[in-house]
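Structures given as structure tokens follow.
Below are two complexes that have subunit A in common, paired first with subunit B and then with subunit C.
For the complex of A and B:
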């Protein structure tokens, strides 16, 4: 009936992928290339209808400005800071809940669904009210226990910290679930054998769980980092990049340039810079962890 | 002699028992301590997870004019709780219109996006497609690109076709947005389903294609549901695109409405704003809890590869 030589390719299979390829070509590749092209033009509200090619002028302008360094540094602090707390916390909670005979694990797991299940767009705005200087519940609590109010969102010292805190709240459930699912894919027999051999919890963790999940851990961490790098709404809704540009990350800064200052070319150039950094990061991290191999 | 022997061995077993007993209590104490610490950590995180949701629900039931007037006492249930804020947001503000617009956009784009992803996900898993590895890498690289980068080109593309400020102008990019991640998820999941089932169906006379779709789609239900929930969530709360595309008030979505309320462009009192948040969140919230069991099984990253 069908020819099952290992080497034979099935062009028929392309038919099923074709709609997605068309969608990606028209709605992803075309806009991406157009965006890259915009970054080499003087496209802004002044040259709306007759913009022209200006070569690397936008990039030269960006590299000469001091904003670039600040924004890249912010993006790195934001991504590294968030990943460094949310991924290990998710892992730790998954391990704690994976204990045999732990009472109430389904209760805890259900409660942890709350931050994930409530749309982030809304909860970010709820947090922005909770962290408000006047009337914000966090400051009210601080006052009640005798501490003074903090400028959570409006001082350059705490703004980034607040962003990471809120992002932590938003993301730790996701990582708890992902690691729970990963650790459940390890056969029970291995754990039973470990128990028979007298392994304690720590040696089970370091000798069985972590080695078996090495690639998943790398994959989850790296994609967590990438997702955070591109996470637009937390800074956009909480601080709008402020005060000044102290919490402006590449992606929000690109949006700001394009839509608040109508400088589309500059916005596009910032987006291109962001992508280039990410691409280098992915290639380098894949070289060391081989995490992509879990994809095929 | 005999007597002393008995006494000796008796003594010996006694100390052995004591040792085992001591070790047992030591381990038991250690285990108990581990349990206690586990529960403390889990409870702290549970409180952290739940507090903001509790905060917004209790605020929505109180009558607080503005954020600056809020006090800690408002956090406790009191006799003054009422549903007045809900009445106000439902009947004095265009909440229901925004909800209708949002549901039209999200439902259609979820259906289109997930249908496309099922087709491509199954094919990527089961067929030896030419350049498959390149395709997978392409999907992966595309997922690095932030959607905000597409906003400007989309804007000009859709204005050319006069699709700005219409449902279709948003449904198209939203459907495309869901495709990358969903194709991936479905492909990954189907990879772990043994081929025996389809092969058995083919033996029974089904063609390869119908074997694939009729057997694998029901089996992949957890991941399809998971992909649909994720695909639904994006457009439901999108402001970055909708905020630029939609200009007529009749087409506002919940996210646009909420953004303008949060920026003070649309003025409503604080309790009503909280009620708005709760009502907007509830559909997604219910969706998540109904499909909770699929969330763990749906996200399968295969271990042994």
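For the complex of A and C:
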């Protein structure tokens, strides 16, 4: 009887997760496996209807090309650079906003949602205008204080910096909110007890807040990194990967290969490489931080 | 030597919430309990002493030094919180030493001190565990340990036993009392549980609506309550409280309550013929008799050492009587209840103040005229 009951329970459990499995299968697993399959073919505009298996030819081509190194390096700079500013900034803002004695908390909380009040697409267009070499407000300001104009989006030196800057503007509200909810989950008696014992605000930050939020911080940082790694629209809309390929990241380069050059198989191979790198990264970082434990 | 004094302390949260004109004196080594229903201002008072809540006006002195505007860390006060406030990522040892780690004490001394306190609390074998791995009672001890290692001038405890189950609470009550006497540290303890107040306190202060109602040894609160609030709050089950009348008839004073009359020999009404009063008597001072208040037994509760009998009078009033086990009364049976006149209390129906208790010098019947 126990066995029957158990198996019927398992069946019901399966029923409940079925919608998620269906969605994942159709929108995630199928495209991923399709991409992996395409990456071993010669699927492109020349062989659009009659493509065939070519083994590791695409990968051999990619590893022989100098672009791979540049694109991976770009992706790492883009992801690490963005994560390194937006995650700590979110944490710092959350700490500032959660001070007991801060006046006007609700006002600030509304204000720092501002970057989110517009569609990212519009924000990026506005930034694109602001960063324009001629007539862009940023250069106007630089000129006004006696500095020369900078080639924000069209010089290989500053383009990546501009991308990270714009991405920072777009993403810090999210990290501030996530950290605010994490910080607010800490019972305030923990701080009061420390306060009575003589700990100041800096020492409570390092002795209580950070150790308590260790897992959350790891999780938020690592997922911020992964999200940025795959964050397509900022580089795509702002610089289009240029100048040259100086701001191409794996995901935009894959898109470029597939849809600008109609080299679908090569694009798929780049996507697969990106996924593999992330997979290794997640496994390694979870091993060291145990960050996934906050999910269950 | 640590004497705590609160002088005209106020904290107004608006909407009649807060603490108003509180005056307290807690002597060196005293176990002082602030008792009251939820929202009465007892925790706010404690937090003002701790420095976690600011004071609108008034003064707080510790050892004759004014600490009203001191930040908490400069007050040399340790506090035990209701939910223990232990750091989940630290071991019990680190939790206990946490207050010492910010001092200049060497690690060796810290460890020695921690061991000593742990031994005293009987948690020496738990030092390497995390708070999540020990029981509620043990966590309570760790929280106490963290307060004890500091050897503060004053202990504050905010309902420290309320998260424990009934049996453990009784046990920890005894333990707390023992520890407090052993350390002889002045302690202010906040609770809504009058049993904790009566068992722990050297003196207790009853608060209601942000105001101190009465201060004194717990037995005084029980035997000589200032008003009807104290009378009904202290004591379990609570004191019976009925409307009654004192009537002067042919030079004799008679108390009329719920259809029954009782002669009150030692009351002199002076010129008045009739005075409205509230009549209070404790469940244990109610006995069965031939003539008295008529009431029907509706519920009984056997608590082992005695029985609580819940009566209803014909006009719908509730009365509680405490009886010995083996009572002959059966449910639905009507009886006559006679309060012990030597222990009866009379209160002013308007102000609620105690105006008469047999043998007490506090009698103020005359003031009513």
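Heads up, the rule we're going with is that the second predicted complex is superposed on the first by the 286 of 296 C-alpha atoms of A that agree within 3 Å, B and C clash if a C-alpha of one lies under 4 Å from a C-alpha of the other, contacts with A are read in each partner's own complex, and residues count from 1 in each chain.
Please note the rule applied: a residue touches a chain if its C-beta (ideal position, glycine included) is under 8 Å from a C-beta of that chain, and two chains touch if they have at least 3 such contacts.
Every value quoted in this text rests on a predicted model; they were computed, and no experiment measured them.
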Simultaneous placement of subunit C and subunit B on subunit A, clash or fit: fit
Arrangement angle, subunit B at one end, subunit C at the other, subunit A at the vertex (C-alpha, nearest 10°): 60
Touched partner set for A:212, first subunit B, second subunit C, both or neither: both
Touch count on subunit A, higher of subunit B and subunit C: B
Which of subunit B and subunit C A:99 touches, first, second, both or neither: first
Contacts of A:203 with subunit B and subunit C, given as first, second, both or neither: second
Subunit B versus subunit C as contact partner of A:230, first or second or both or neither: first
Subunit B versus subunit C as contact partner of A:195, first or second or both or neither: second
Least C-alpha distance (whole Å) that remains between subunit C and subunit B when both complexes are overlaid: 7
Intersection of subunit A interface sets (partners subunit B, subunit C): 212
Sites on subunit A touched by subunit B in the complex: 1-2, 8-17, 19-21, 23-24, 27-28, 30-32, 34-35, 38, 89, 92-93, 96-97, 99, 102, 104, 108, 110-123, 125-130, 132, 134-137, 140-141, 144, 169, 172-173, 177-178, 180-182, 184-186, 201, 212-213, 215-216, 219-220, 226, 230, 232-233, 236-237, 251, 254-255, 258-259, 264, 267-268, 271, 274-275, 278-279, 282, 292-296
List of subunit B residues in touch with subunit A within their complex: 34-35, 38-39, 41-42, 45-46, 48-50, 52-53, 55-56, 66-72, 75, 116-117, 119-120, 122-124, 126-130, 132-133, 135-154, 156-157, 172-173, 175-176, 179-180, 183-184, 188, 202, 208, 233, 236-237, 239-240, 244, 255, 258-259, 262, 270, 277, 280-281, 284-285, 287-289, 292, 295-297, 299-303, 305
Complex contact set, residues of subunit A against subunit C: 187, 189-190, 192-200, 203, 208, 211-212, 214
For the subunit C and subunit A complex, residues of the former touching the latter: 50-52, 71-73, 75, 77-79, 81-83, 85, 87-90, 98-99, 102-103, 146, 150
